[in-house]
Amino acid sequence: MNSIDPVIWFFLFGLFAGAMKSELRLPSQIYDFVSMLLLLTIGLKGGIELANQPFSTLLPQMVVIVGMGFLLPLFAFPVLKHIGKFNRADSASIAAHYGSVSVGTFAVAVAYMNTRGIEFEEHMALFVVLLEIPAILVGIILARGMSKETQWATVGHEVLLGKGVMFLLGGLFIGWLSGPSGVESISPLFFDLFKGILALFLLEMGLITATQLGSLKRYGVFLVIFGIITPLVFAVLGTATGLALGLSIGGTAILATLFASASYIAVPAAMRISVPEANPTLSLTASLGITFPFNILFGIPLYHWFASNGQSFLVLQNIGQ
Amino acid sequence: MNNNNTKLLTIVTEAALESRLINDIEQLGALGYTITNARGKGSRGLRSGSWEASANIRIEVICGPDLAKQIANHLQKKYYDNYAMVTFTSDVEVLRPNKFSD
Amino acid sequence: MNNNNTKLLTIVTEAALESRLINDIEQLGALGYTITNARGKGSRGLRSGSWEASANIRIEVICGPDLAKQIANHLQKKYYDNYAMVTFTSDVEVLRPNKFSD
Amino acid sequence: MNNNNTKLLTIVTEAALESRLINDIEQLGALGYTITNARGKGSRGLRSGSWEASANIRIEVICGPDLAKQIANHLQKKYYDNYAMVTFTSDVEVLRPNKFSD
Amino acid sequence: MNSIDPVIWFFLFGLFAGAMKSELRLPSQIYDFVSMLLLLTIGLKGGIELANQPFSTLLPQMVVIVGMGFLLPLFAFPVLKHIGKFNRADSASIAAHYGSVSVGTFAVAVAYMNTRGIEFEEHMALFVVLLEIPAILVGIILARGMSKETQWATVGHEVLLGKGVMFLLGGLFIGWLSGPSGVESISPLFFDLFKGILALFLLEMGLITATQLGSLKRYGVFLVIFGIITPLVFAVLGTATGLALGLSIGGTAILATLFASASYIAVPAAMRISVPEANPTLSLTASLGITFPFNILFGIPLYHWFASNGQSFLVLQNIGQ
Amino acid sequence: MNSIDPVIWFFLFGLFAGAMKSELRLPSQIYDFVSMLLLLTIGLKGGIELANQPFSTLLPQMVVIVGMGFLLPLFAFPVLKHIGKFNRADSASIAAHYGSVSVGTFAVAVAYMNTRGIEFEEHMALFVVLLEIPAILVGIILARGMSKETQWATVGHEVLLGKGVMFLLGGLFIGWLSGPSGVESISPLFFDLFKGILALFLLEMGLITATQLGSLKRYGVFLVIFGIITPLVFAVLGTATGLALGLSIGGTAILATLFASASYIAVPAAMRISVPEANPTLSLTASLGITFPFNILFGIPLYHWFASNGQSFLVLQNIGQ
């Protein structure tokens, strides 16, 4: 029993409290505070790594990651449109959610590795930032086509200046500019409290997830299947990418988790403004009601297993040659 | 209170629309507005206000009857299809009616 | 604005009643509601809103005149004796009146 | 709803005035009030509510028409020159009108 | 002067600021945040102790404690009804407040023991959770009788799923399931900051208490006397119970404090819904306006003295035999 | 690049996000929370120093500091009235802002010294509290004259019981009464997190400053010049005062920073009530839009240089004698 991280229990506690319709509630301002700290911390971690390593070393990896950020929603879209029979806007919006990443899921994966003493490349936090945005742009194009009417300046504004992306980028630049020693003085708030803040965040996500569960039956079985199969497939892609980039087992598992995760902060906000005709309940039900709990409860250990076995496979192959 | 021809237009809608709506309202000629945070339920389901995605705002605009009608119609055309939104209008008396319409 | 027969019922009461009131209102047939947090003072003294026990909420329900009357009477019967509560009704115009009453 | 002679006076103004306004309103004879936090824009510019200095409040007072007029006039004389403030009055129906005026 | 804990000064500061009608105010959302952290931490502590000790060792103590939780309001009720001349509902509601416990008072007692290096059984936090609920049930029965009309399902829902009880129980289960080592990663937020968070909580309680003081004269002298005598009597019962259970001096003093304390979070919320005809100002004036300050300023040192002397008495008796 | 403190980057990040009209926003309740922690911590630090040193040692310095607090606005007022051509109320209000101090600027100066390992007298925090109030009284007198109509009781109430002053004084007394060892238990929240909390505070100040910048051009070039020259002149006075009082270089630089800083918490609140006819946008544009960024970006290093050179000058003089 001890093998489940306490932050996961916080999520389950929130889920239970929400499902039982308890009076337990976090004020939205506290949710804002907690998610701000989470986003800033992850941005800071990514930025510190940028400061630690020569930019040229990271650049090739960064290019590949951004490229995958553009590709992933393109894989999801036809499935949603042709098999799921969703309309164009809904398909595009859900595809954008799954192409992008979930900061909460990332944080849980990091906690998982830390608890087990599994090493991973610290610059994974940088990948979170990189994977956040491309899927949003692809989603908008998928919904509207490359029409000239699209006000790309406005879209760019919405995407880059949205709360989630701003906090991540702001943390990234501050971490980069200050470097590891500069950030030390603010580490008690941003780093020491991180797991506790994550626990509160997951408690709130549990409460919110519980309200999403109600919409589940309305949207039927396809959404449930999609919300479980997609992370599995994307995690395989992520494992392959991680191994191809030469990441460690821990790093590969985290990258697989990122691919498998679906956004519920930055992308919903951007879609609501840029693809308003998409039904937000649909994508949130899938990403928050199904994929998020699936990933943090079952996915992460599984993706860790993917990464370990993927690497053993590579090693064996190399020996065989 | 010397005037009965001023309207209070109230809009309840998604918080995500705040900056857009303010833009629209000001461009149509409103000289002011008041916003409070809200939550609620309507035809588009429960909006519990527990996080950004489910937060509502309540915008009040005091203005002349024509402008009230114009704003309401504009919002209906532009947002009703895709957003949780309700608008209603009532009569109010103000001390200096010319403060609220050019 | 084509209708003058829609009512806005406003209820100011203790935050602790929120879930009960919503239940009641919906069961009586209201199709929606809007809630904001509030504080205030009345015959039951100061409710400063500084913690749960002294917080108020302000519930608005747009509905037909009969339902407004029915809800107000129901609340009076069920809650006025034991809870801080005030209700008032005003006339509002809405764009699509049928949205607010079956 | 048996009375059409009750008024709802709404005041939107700077949060810094809260305790003063409440004093004034109570001294003039109001038996209660309801306050919500707000933000907004008007002739004195944007009041975004992001910190104390730019926060608004929205005060509602249910009372008789004379008192409503009296309060509005008092506030106009005392505060309009130096503070961001808007007041407006509307007709409301209440279940027990005598609750709101002596 | 140094012997007064700084958290007590925070309470007095809030009391002063409130009494002077200063502009000092904590947003209610911050109060929610701070009290949530307090409740979760105490729950966690209780849970960790459950994980640390074999359940069978604790069970007998737990049964006694729960039993006392049912008894205490029964002692208070007739006094309130026949001497205080309160009506049935008010008597029942006040009795429930005094039968239950105050989490803030408990936290101050723990701080008191820690500052003085006085040892106590860590599972006292568990007793907080156990003492929270029984008095509520007794209060409801006292107010309504065992009438068949009472919707016990609804009452159970209200009591168990109220905010205060939920956070305590949630923390308890998370602490239990995670164990001491599991909880380590979230300890900077929940344990290291605890005293600071308690300081903020007491600042707010001071502000709120100040507003209660205004109602004091309205409700007359009986309430004041009741609010001081009851904790003294209950503290004696608590001391006896503690000694009977073989608790240490520190543990006995804390148990006495728990018995002496009156709820102002969970019980008011439950009574408001389940016994609406009881006047909430009455019970809060007593529990928050009189008993809470009495306990944290004078009671705790006194109950510590009770516990020490009680134990000496026992020791002497044993020697005498 | 590493020489810029990360908290400054948080300010610039907020400024950027505000100027770009991003969706990034802190709930006002979080701003309240963060500024409360800041004020309490600075008060606590000042109080601890009061407990550490015999009061008699500090008293002479305190008298001088309070005296300067009365003088500084008197220097600023005629400049504003006769050169700036502002009316009486506006001149008085702006003068009060500049005669008082900015807690945020102080905190950044302390961070600056800590990062560079520059020693300073710990009781500087006490001076913050002392400098907060006199300028407010002078400002009110300047605006109204010493008229008998002025309700000094009300004014005193407004000034002393305003939020900012209350938190500072409350912290001061708690720190004083508890002493350094007493405060230890609450130090994780109030002291360890301080820099992180300051970072969040500055992020919010950046956002707010950005909204003030819009009013800059409306009020023209005099305000900009005043907002830069005044801190420079006052910093020179502060340097002289610091050296005269025999403060260390670090202490002198911080005192210069205090003189140079302009209030944007306590004074605006007091002026709004006590001098309502003064335009609040005017004084906030100057103090927050110009002087605050000037001080934290350029002023503090400059005032440090003032203090070092001032002391070298004194040393040289002494040698010359």
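A few points about this structure:
Letters A, B, C, D, E and F name the chains as they come in the text, with residue numbers starting at 1 for each one.
In this section, a residue touches a chain if its C-beta (ideal position, glycine included) is under 8 Å from a C-beta of that chain, and two chains touch if they have at least 3 such contacts.
This one's a predicted model, so the numbers in the text were calculated from it and none came from an experiment.
Steps from subunit B to subunit E, minimised over paths through touching chains, total 2. Between C-E and B-C, more C-beta contact pairs are found at B-C.
Ranked by distance of CA centroids from subunit A, the top chain is D. Averaging C-alpha coordinates per chain and comparing to subunit B, the farthest chain turns out to be E. Mean C-alpha position of subunit B lies 20 Å from that of subunit D.
Subunit D and subunit F have centres, each the mean of its CA atoms, that are 35 Å apart. Centres computed as Cα averages put subunit D at a distance of 40 Å from subunit E.
Residue positions of subunit B with contacts to 2 or more other chains are 36-37, 90-91.
Residue numbers of subunit F whose C-beta contacts span two or more other chains: 21, 23, 25-29, 32-33, 163, 188, 192-193, 269. Listed by label, the pairs of touching chains are A-B, A-E, A-F, B-C, B-D, C-D, C-E, D-F, E-F. Every residue of subunit A that touches subunit B in the complex is listed here, in rising order: 25-26, 28, 31-32, 163, 204, 207-208, 211, 264, 268-269, 272-273, 276-277, 280-281, 284. The part of subunit D that touches subunit B in the complex is made up of residues 10, 12, 36-43, 49, 56, 58, 69, 72-73, 76, 86-91.
Of all residues in subunit F, only 27-29, 32-33, 36, 157, 161-163, 166-167, 170, 173-174, 177-179, 181-183, 185-190, 192-193, 269 touch subunit E in the complex they form. Of all the residues in subunit F, the ones that touch subunit A in their complex are 1-2, 4-7, 9-10, 13, 17, 20-27, 29-30, 33, 111, 114-115, 188, 192-193, 195-197, 199-200.
On the side of subunit C, the complex with subunit E involves touching residues 14, 16, 20, 45-46, 48-55, 79, 81-83.
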